[in-house]
Structures are given as structure tokens and as C-alpha cells.
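Here it is, the structure, as C-alpha cells.
Letters A, B, C, D and E mark the chains in the order given here, with residues in each chain numbered from 1 onward.
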Amino acid sequence: MNPTPTLVPERLGTGPPGRRAAEPRTRRRAGRRFGVRVLAVLALLALWQVAATAARNPSFIPTPGAVWDQLLRLSTTHDGIRGYSGSLLVEHLGVSLRRILIGSAIGVAAGLVVGVILGTVPWIRVVAEPVVTFVRALPPLAYFSLLIIWFGIDETPKLWLLAIAALPPVAVATAAAVHGAPKDLVEAAGALGASRWDVIRDVVLPNALPEIFTGVRLAVGIAYSSVVAAETVNGVPGIGGMVRDAQRYLQTDVVVLGLIAIGISGLLIDGALRAAEQRLIPWRGHS
Amino acid sequence: MSSTPDAAVSVHEVEHVYGTGPDAVTALGPLSLEVPAGSFLVIVGASGCGKSTLLRLIAGFEEPTSGRVRIGDSPPTPGKGAGIVFQQPRLFPWKSVGGNVELALRYAGVPRAERARHIPELLLRVGLRDVAHRRTWQISGGQQQRVAIARALASDNPLLLLDEPFAALDALTRERLQEDLRLVSAQTGRTSVFVTHSVEEAVFLGSRVVVLTRRPGRIALDLDIPLPRTGLEPDELRALPEYAALRATVSQAVRTAAT
Amino acid sequence: GSGTASTGGATPAKTIRLAYQAFPSGDLIVKNKKWLEQALPDYTIQWTKFDSGASINTAFVARSVDIAAIGSSPVARGLSAPLNIPYQVAFVLDVAGDNEALVARNGSGIATVKDLRGKKVATSFASTSHYSLLAALSQAGVAESEVNIIDLEPQDILASWTRGDIDAAYTWLPTLAEVKKTGKTLISSRELATAGKPTLDLGVVSTAFIQAHPDAVDAWRKVEAKALQLIADDPGEAAAAVGAELNLAAADAKDQLSQGVFLEPADLASAEWLGTPSAPGALAQNLVSAAQFLKDQQKIDAVPDLATVQQAIYNKGLPGVLDS
Amino acid sequence: MNPTPTLVPERLGTGPPGRRAAEPRTRRRAGRRFGVRVLAVLALLALWQVAATAARNPSFIPTPGAVWDQLLRLSTTHDGIRGYSGSLLVEHLGVSLRRILIGSAIGVAAGLVVGVILGTVPWIRVVAEPVVTFVRALPPLAYFSLLIIWFGIDETPKLWLLAIAALPPVAVATAAAVHGAPKDLVEAAGALGASRWDVIRDVVLPNALPEIFTGVRLAVGIAYSSVVAAETVNGVPGIGGMVRDAQRYLQTDVVVLGLIAIGISGLLIDGALRAAEQRLIPWRGHS
Amino acid sequence: MSSTPDAAVSVHEVEHVYGTGPDAVTALGPLSLEVPAGSFLVIVGASGCGKSTLLRLIAGFEEPTSGRVRIGDSPPTPGKGAGIVFQQPRLFPWKSVGGNVELALRYAGVPRAERARHIPELLLRVGLRDVAHRRTWQISGGQQQRVAIARALASDNPLLLLDEPFAALDALTRERLQEDLRLVSAQTGRTSVFVTHSVEEAVFLGSRVVVLTRRPGRIALDLDIPLPRTGLEPDELRALPEYAALRATVSQAVRTAAT
């Protein structure tokens, strides 16, 4: 029951293994994967502790212990003070997550539409393609003031900033994938009587789905990493605003705690996206 | 099955060149061909002689470099009036096998409620059962080709273009499908253009067989097959003395044309 | 420049790395007129622009600068735990005057600081303005929690001001000039300074550099003093130099300079500011109260005691060393 | 010689048109495209002028004329002052372009390596995938001070920031594409005797090339839009530092000029990348 | 061409099931088959009976659900010791036609300098000229299939697995390639396993013909073909009376097995 040694990379394997072998192998593999990850985290923590001890400057590298203390402090009401700037860590995170989710949802939806149009309507593409490229080269920090002029200092400009940050990956990936739609299948659909829109819906978009998913994953990541920029203005409560504030006072332990909170919640969202991807694209790798 | 037997194909002085400049390849022609409505034209020729190109021109996927192709009175438009079976199955991997057929039915305008009924019918017609839920890469090569045929049969186009549709099938399945195709086309008066490498198949199916020369494909033989289209059992048909003679003629022409 | 030259405490090749910021001060005159380069021909002089005291503190931590122009608020932070940056205050570049002020928007119905209760007030957090705003509030007996204080960069203050999103703002030039056009000044940093809550821009030098190159520090103090003198004696020429550095028209620069408070070189050694080695000035006390403010804001863990801060005031050789 | 009307989208067309029709049609199309773009730019300028006139506040929306004047002023020595802060506009742009190119080159190279490893070596993937996802969720503004503490205030931290910003799109796109390598071609190569590395080089990477290019284009765009963040510290000369500086002094015309310079140079680089893509991937759309 | 005629294939009680649970499909077996080194085994069977699956098992791309496959004494490893022509051409679109062959030569260990010479030779051997510089989608279906054959011939594997390699070829080209294959395998003593739907082809090529039943494929007929492997012209061979008899036997078995 040993797997046949093959020359092809393991993840690029050759279809499902035999029936009887399948189940225990998958379970065993998941277990090992979990073990390796736990080990890696422990190793990282140890490394961190060593580095922090060696640096001997908490505003360089705070110790894991200091960050842990901050986690406790920011998650409770302490000396009559609630968390950081009046909000608990989870509240900061929650507010930001809401912004990220709404912002990237808008950005992804708009990016999809833009991408499909760029990929299929040559006339619009001629003008819109440069506009998209232009916009995605612009630094959010530079145009954020414009958003404030237009939309004020509350949620709207933040959502706009995140949406604008999230749009390009989806738009570019979608446009590229749509542009590279398989000619033979487009022809096949056309031969069966598909209308132009049918072809887009039934051939071009499904074929682009893997790249679109990559775009969406990148978009969410970029929205995440833009949250500090978005929360430079009136950003507390908000994890980005918190990090920024702490940074200005060189409270490195709070900064690191905030970064870890951002990173871990980002991991969870990406995991959900990848699970969705695997479910939605059973044909990946098959042509 | 109803049908509008009005699809005369006219290929006039057509020549087709792929590419430009030093890389140009003259794939076909010049070649002229009138296919009256209701006839069953079989095209035979060496590999690379331009058969698929001719079919693509008739389907409207290529524009001839020179000359003119007409379906009835108008230039061909893909998806309008002609069903096609390509040389490769070209199934949509994101749809199940049944989903592929369903899509074809939808494009053919079959209402949603009726499609569920039609899918197994069409699959059974090409000898497939219990595969509708499978993914397209979970069926064998010959099964994929048959799904492609089922998909093309989903609409009652007056013109059917088939590019070596039975190449990957075993003898028995192949004969069954041949008989079905022969019968249906005789009954509905639909026009067919059929590409094959099998002389046997050509003579059995065709009301007319055209043999092409090597690239660029031109007409080497244009032969009417004056066998009865209905009334005879396949085995009776194959037993006719004319049948063997026609086979020999075509076979001889293929050998001459290819050298 | 290469990364190697900027790491490692005292620079062997006799380099001075100065951090400056884009606010009108004598520092810019020194830079513009290359006085330091002329005074210290043996040294390689590197000017680096920073846009906040926080990033200058970071650069000190990274040992990437030797001398810096930096606000009193970040200096208080840097001198406190956990940072404990080894630098010393060696100069007072300017004192905030009318160039930083609290302005209420016309039509907001605010006439005094007390009226700010329940209103939206914007300022840039962690800046001297932030400090001054809170000082003004406490002076007027308004609790911080009674006011909705919002963190905005100056350019964003202008944007939201124009839209009417905020009722008042504590900010500095040039945004201050813009908001004043449609607003009423409630209090300026000049008044707060008089009332004992001054905010300053300071010149700090890393301790390692002071130990390694005391002469260079003296030369630097001299040229900074010369610049103060020029501001006092010939505002036109001073403004031209500052304008060139800030990409401003000379007239604008002159206007901005006129709103700040620039000490006479002689005042530096007075009891109010740096003092002398024998009689430390009140600046140390000012920094301690700034640190206390930060402690109240929970931005630092502990307030350094006065003696510690006094040791971080570099007044060696004052007052004589400034005479040239 | 009229093109046959087809149901398939024009850009997804059915191979090269006939020989004789090809040339003039392409040339005519390029001409029209250029015309449309010029028209669009003119329309944009007109809109801008109208908006600026309506706003009547040059620190919100400067007029095109004011921006043009700044362009001239910043490109010459004027009243004894050279450009902006002692450097001409092109010099600012040049310095930043150099940073962007070096930073994204490093990021792209590293992203490729990471992506291939993520896509092919399951054991490393288990640990490295979360790390990459974690890192790409982190806001540059938050970790930039760490980079400064580690690498000083000169070029190094800026290049690091840009490289870190550029890495994820390439890594994620590459990993996804490698992961979705066509099973049948991987098998075919294996059957011909390809080693594991042969398979990666000759099948997996070529197949991933379109997605990698999308990743690279996104990476360069992101590096561009991070240039202001990278140039917050010791960023002059540098177009990002210039924009930031101007922003603090409410010199909106300089800000807009800087944004236009960033956008246009971004357009040019993206154009070059797309041209390279078209040359390097003749098989796009063919399977 | 040198060769190591030592590739005995042994298939022992093999059964193969795709998928699990309610979706499980038993594609093949149980089936046992000993293929002595140097023999030419042809497999015939209905579409979907498991022929490709059997080839994939022998090539090592699938692991049998139960039973054992051995090449010589060891389990099969893809790319080691067996050349394969898949049912689909599986050309690399990022390589030109010549580039595809070049890659195969490289994997086979042919030094760079010799490859340029070998490429046109191999292409010519499958009847292709002037196509080396073309992209893979710029040649016809039959030409693609021939490139795949050329690719598999690039290395001198002691075992050759061919899955309907000539399905898309015209009669003449097909016969030429058949003759080439028959001659070379007789001369080099290489072992071949060849899948086809053509009874004619099976009898002409095989030293042994195995007919499989419908899915799950089991052995319905296992017939030695005692025709001379060398010395006779193809036409002489086809004219032998045993030839016709063997054809009839296999043909009959195919029909019986398929029903």
C-alpha cells in the first residue's frame, strides 16, 4: 500500500488514490501538518525570545511575555481603563474587520465588473485599461486627503480607500484571465449557439475563476495591509489606528500585538477563501 | 424531430491560407463544392489535407482567404443553423457530463423543465448511461467524444458538421451510431458534412463522397453513392454488390490522392 | 548614501548626521546657508529630512542620526522609559507662538475653550498641538472626555474643516492660516507658553556624539545661535533662506517666521530655558510635565524624575560658548 | 472582406484573419485606439478644469494650468532654486523609479522562488504558506519603523519595504498557478522521463507564466503605490517624499503633479510588461 | 537502435476502482496478464471498458486498487523504462512542434548537439516535414497525434505503451506507421502494449491479441497470433489465409464481448 514513487511533484499528483488507501492517509497527513505548524510556531516563539533578550531594548523587540501582558491588558478593563483608548483589542479588531470586509467586498465586486469589461469590450478597454493602471500606481497616502474632502472623516472615506486598494488585483487578474480564455472552448460554446453573454458566463468566467480567486485573495490581503493607512484619519477604535497610535509613542509591544492580531485574522480569512476555492473549482488542473 | 431542410452549402473557389509571409501555409483549395439540402456529404483525405479547415470555413470560424462560402444565401455564422462536432471533444471541464449537455440544450432554447428529461435521452442515444453526474475527466476518451456528439445533437440544426466523430469508438458502438445517424438524416432531411478516415464509414454513411488530395486539399474524387437511404437493414446494405464496388473505388481514390 | 555609513554609534570618518524637519526655524537657515559645512570643513555633513518627532526618535534608536530638530513632546517621550534614548537637549530652536493655535469654525457657536464641550475638535495626535490642546482644555476646566477629539493630519484637518465635519482644530501653519480665514482663534500656544505650558522645538544631540565630538557640538550651537540672530536682525534674509528650504515664497516664509517665538541667543542660558551647568534651567521641568502628560495618556510607563531630565540638558559652556 | 459576424467576443476571436485583410485592419485599429485615448485625455482635462473652477479652492483642486506651471517650475532652476527641495522633478522621479525597480525586482525574484516552493514542496508549504499570508496582511506603515531600526534610514529599509510589498502578489499567483498545473501535461512530461525539476521548469512554470505575469504587474503596481510610505523617512529626493512634503504644505498643485508623474510612469512600465507578456506567451488561450 | 529487451510486464489479479463510496466505478478487472519480454500485445475492447486504465496502471500513473503490477521485478515508475503515447496528444503548447520532440530527446539523455539532427528524423519517421517550427495548435489533429508518437519514440525504452495512437490517421499514413512499428519492434525485441479499436490493426501488429469485456474489463479472449514477424511484405502477410481467419476470430470475440 506504499505510494508508488513518482517523478511528478506530490501536489501535482495523478488523481485520487485507490479507495481503501484514501481515508487514513488523508487523516494522518492532516495530523502531521498540524504538528509541523505547532512546532514552527514554537520555534518562532523561541527565536523571538532569544532575539528580544539579545536586543535588550523593548522598543526594538519586545519580549513575547511583554506582548502577552499587553494582550491581557488590552483585553480587560484595567485600572479603570478599558483596553486601549477605551476599546478592547477585540473591539478594535472587530471595527477594522468590518471595514476590511465591506471595503474589499465592494472592491472585489467592482474589480470583477471592471475586469470582465476590460477583458471583453475592446472599446472600453482602450480607455479604461490605462485608467486602472494609472489608479493602481497611485499611493493611497497621497490621495487619501481627496477622499476626505469628498467623503468626510467617518466610515465612507475609509471604505473607499480599502475598496480602491482591493479593486486592482481582482480587475487585473480577471482581465488577464478573461483575455486568455481558451479559444477552443469559446468556439465550442459559440457552435452550440451561445450568445456573447452566454460565452462570458459559461466559458470565460468559469475558466477565469482560479485567477479571480487569486485576485480576491490578494485583494483581501491588500485591504488588510491598507487598514493602517485608512485609519490614519479618525481611526480609533480600529486596529490600524491603534497600531499607528502606539507606534508614535514607540509602544512596540502594542504595535507587535496589533500586527499579530492583524496577521492571524488575515490567516483565517485567507483560509476560508482557499477552502471556498477548492470547493468551487473542482476542475483545477484538468483541461 | 422536426427540422428545416433548407441548408444548402455552397463553397465557391475557396482557398485558405494560414499565417502570412514566409510562414504562410496554404491549407486548402482552390475548391468548389455545392452541397444540396438534405444530402449527406462525406469527406475523406490524408491527415493534414485540410478537412478540418473546410469544416471550420463552413461553420464560419474561419474566413476564407479567397472565395466564398454560403449557407443558403448568407455567409455562415457560428452557432446559427449548424451543429458541430469538433475533432477534439472540447467539453467544458467546469460542468459535469450532464451539465455539458444541459448547456447545449439551453443554448438550443429548450425550456428548463424539459432539459432534465432530454439529458439522459441524448446520452443514451450515444450509448452512455450513468455518467451524467461525472466530471468530464472521469470518463474515457471514447465517452468524451460521445458526449460531444450528444451535445451537438441537442439542437435540431438543419446542418450538421462532424469532424471524425467516431474515431475513438470501438467497432460496435461506431456501427450503432452510424446507423442512427444515417437513419435520422434520411428521415429528417437534414444536411450533413462528415469527415472520416474510414472508407467503409464513408460509403455506408454518405450520399456522396468527396476525396481530397494532399495539402492544399482539392477535390480528387467526387462520387455519388446511389445506395438506398432507407428500407434496408445495415447488413443487407453492406452485402449489396454495389457497396463493395463503391468501397473499392473510394479506397483506390484515397490511395491515389495521397501519393 | 550607503547603509553602512549610518550604522554604528560614533562615526569614525567624522561625519555629522543631522535630522531636520520642515518647520520654519534657524535650523533651516543653517542648512540653507551651509554654515555648518563652513564651520566644520573636516566633517562630512549629512542633512536628512524627517516628518515627525516619532520617526526621529526611531532613527536615534537605530543610531542613524547624531543631531536632530525635534519637538518637546517627542523629546519627553524619548527621555522616558522604556525608550530612554541616550540624547541630550542642547538647543531651543523656537517656542510655539501664534504659529500654533486652537481655532473654532465660524458658525459652530464656540466662543471660548469652555464651549468645546460636546464638540468635535481635531488635532494631530502625538504632536505639540495635541499637548497644547489638552493643556488648554485642562486650563479651562474641561475634561478631555467631554470633548470629541479626533486625530487628523494638518492637510486632513483642512479638508474636514471645509466640509464642516469638525468644529474646531488645534493645528499649525500653513493649515492654521487657512482655517483662520473662516474661524476664530480661541487660544494660541503663545498664550499657553505664558501660562507655563510652552511647547518648543529643540535641538538634541546623541550622548555618544557629544562625548566623541564636543567641539563639533560647540560649532553647531554657534551656527544655530547665528541663525537666531539673523532671524532677529534681518527677517527678510532669514525668510529667503527658510522659504528656499520649504519651497515657499519669501513673503509666506516671512509671515510664518513672524508668528513663532525665537529666542535671543543670550536667553538660552537663562533660568527659563537651558540654564547653565551651575544653574539648570526650567526646561527640564517643562519636559517632566510633558512626560507627566504622556503618562496620563498612558503612552509611557513612568515619568522620569527631574534630576534625570536635568542630566539630559546639555548646557556645558553656556553662556560663553554662544558668543562668536 | 467584411469580418464575419460572430457570437464570440471580439477579443476572444478565432485566430488570425485572412492574410490580405490583416495588415490594414491592424493599422487602422491602432490609429483609432490612439484617437480614442487622446479624446479621453482631453475630456478628462476639460472635466478637471470645470471641477477646479467650480471648487474655487486651489488647495482642494488646483487647475490644470497651475499644475502645468508647477511642472515647468519643478523642471527648471527658478529664482536660484532648483526644482523642488533642490532636485528637479525628473530627478525625484528617477530616484524613486530606481527604488521601485530594485525593490520590485527583489520582491518578484523572491516571490517566484517562494511561489514555486509553496506550489511544489508540501512540507515547506505547510509552514511557509501561513507565514506568507501573515506577512502580506501586515501594513507596511506599521512595520516600517522596525525596518528603520534594523536597517537605518537610507536606501536599505526603503528597498526592503518595496520588496516586501512586491513579493506577495507574485508568490500567491505563482503558488496558485503551480498548484493548478495541468495534470495531463505533468504526466506527459513524467512519461518522457522528466525529473521533478524538469517538470517544474518545462511544464509547471511555463503553464504558470500568464499568472506569474499578472502577479508581476500587480507587484510593480503595489511597489509604486507604496513609494510614499517608503519615502516617509529621508525620502527627498524622491517623488513620494516630494508628494508628502507638498501635502503637508498644502501645495496641492505639486501633489497632483507628483501623482500624475507617478501614474504616467506606472503606465509606461506596465505597458512594457504587457508587451513582454504578449511576446513571451504566444500560447495564451491555446491548450 | 540499441535496446534492452528485458521488460516483462506482469499484471496479477489487478482490479481498479475510481472514486469511493457511492460514486465508485470499477473500471477494470480482476485481470491477470503476463507479457513476456519482446512480445507485442494488442488490447481491444469496447469504449469505456478500461483499456486506458490498464495502460495507466502498467505505466505507473495509477496504483491498482487491488492486485499487483510489475515491470520486470519492480513496480512501475512513470518515465522509467516505458515510453507512452497517450490517447490525447498532450503536446506542450509553450513549445514548438520541434521543441516538443527536443524536450523528449533531452529527457532521454540525448546530447544537445545530436538533438538538432534527431528532430527532423523523428518527425519524418511519422510522416511530418516542415512543421518543426510551428506552434502545436497550428497543425492538424492527426499531425498532433503523430508528434506525440515521435516524442515517445525519442527514447529507446524497452517497453512501449500506445493508446490508440493511430486513431486520427488516414488509412495510408496509418499503414505506413503500422509497418514501421511492426518492423522495429520485431528487430529490437522491444515489448509493446498497444490499444486499438481496429481488429485489422490488432491482427496485423500483434503477436498476441487480448479482447476485453465491457466494464469492468476482464479477459474475454487471449489469442496468440502465430504469423511470421519478419520476412514478409505487409501485403503478403495480409493475403495469408490464417490472417483472415484470425481477423474473423477476433472480430467475433469483440462482438460477443461487447454484448
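Going forward, contacts are C-beta pairs under 8 Å (C-beta built on N, C-alpha and C of every residue); 3 or more make two chains touch, one makes a residue touch a chain.
Bear in mind that the values here come from a model prediction, so they are computed numbers and not experimental data.
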Quick one: which chains contact chain A and chain E both?
B, D
Remotest chain, chain B as reference, centres from CA atoms
C
Which chains touch each other through the most C-beta pairs?
A-D
Centre-to-centre distance between chain D and chain B (centres being mean Cα positions), rounded to whole Å:
48
How big is the gap, in whole Å, between where the Cα atoms of chain B centre and where those of chain E centre?
28
Counting in whole Å, what is the centre-to-centre distance of chain B and chain C, each centre being its mean C-alpha position?
85
Counting only residues that touch at least 2 other chains, which ones in chain B make the list?
18-19, 61, 78-80, 88
Contacts with two or more other chains, residues of chain D listed in rising order:
6-8, 14-15, 60, 145, 149, 184, 187, 189-190, 194, 244, 247, 286-287
Quick check on chain C: which residues sit in contact with 2+ other chains?
58, 61, 153, 155, 159, 162
Give the list of chain A residues in touch with chain D in this complex.
6-12, 14-15, 33, 36-37, 40, 60, 119-123, 125-127, 130, 133-143, 145, 149, 168-169, 172-173, 176-177, 179-184, 186-187, 189-190, 193-196, 199-200, 204, 210-211, 213-214, 217-218, 221-222, 224-229, 232, 240, 243-244, 247, 250, 255, 258-259, 262-267, 270, 284-287
Given the complex with chain C, which residues does chain D contribute to the contact?
57, 59-60, 80-81, 84-85, 145, 148-156, 232-236, 241, 244-251, 254
Within their complex, state which residues of chain C touch chain A.
52, 54, 57-58, 61, 77, 82-83, 125-126, 150-153, 155-156, 159-160, 162-163, 165-166, 294, 298-300
Show which residues of chain B lie in contact with chain A when the two form their complex.
59, 61, 78-80, 82-84, 86, 88, 90, 92-95, 103-104, 107-109, 135-137, 151-152, 154-155
Using the touch definition from the top, list the residues of chain D that touch chain E in their complex.
184-185, 187-194, 198, 202-203, 206-207, 209, 281-283, 286-287
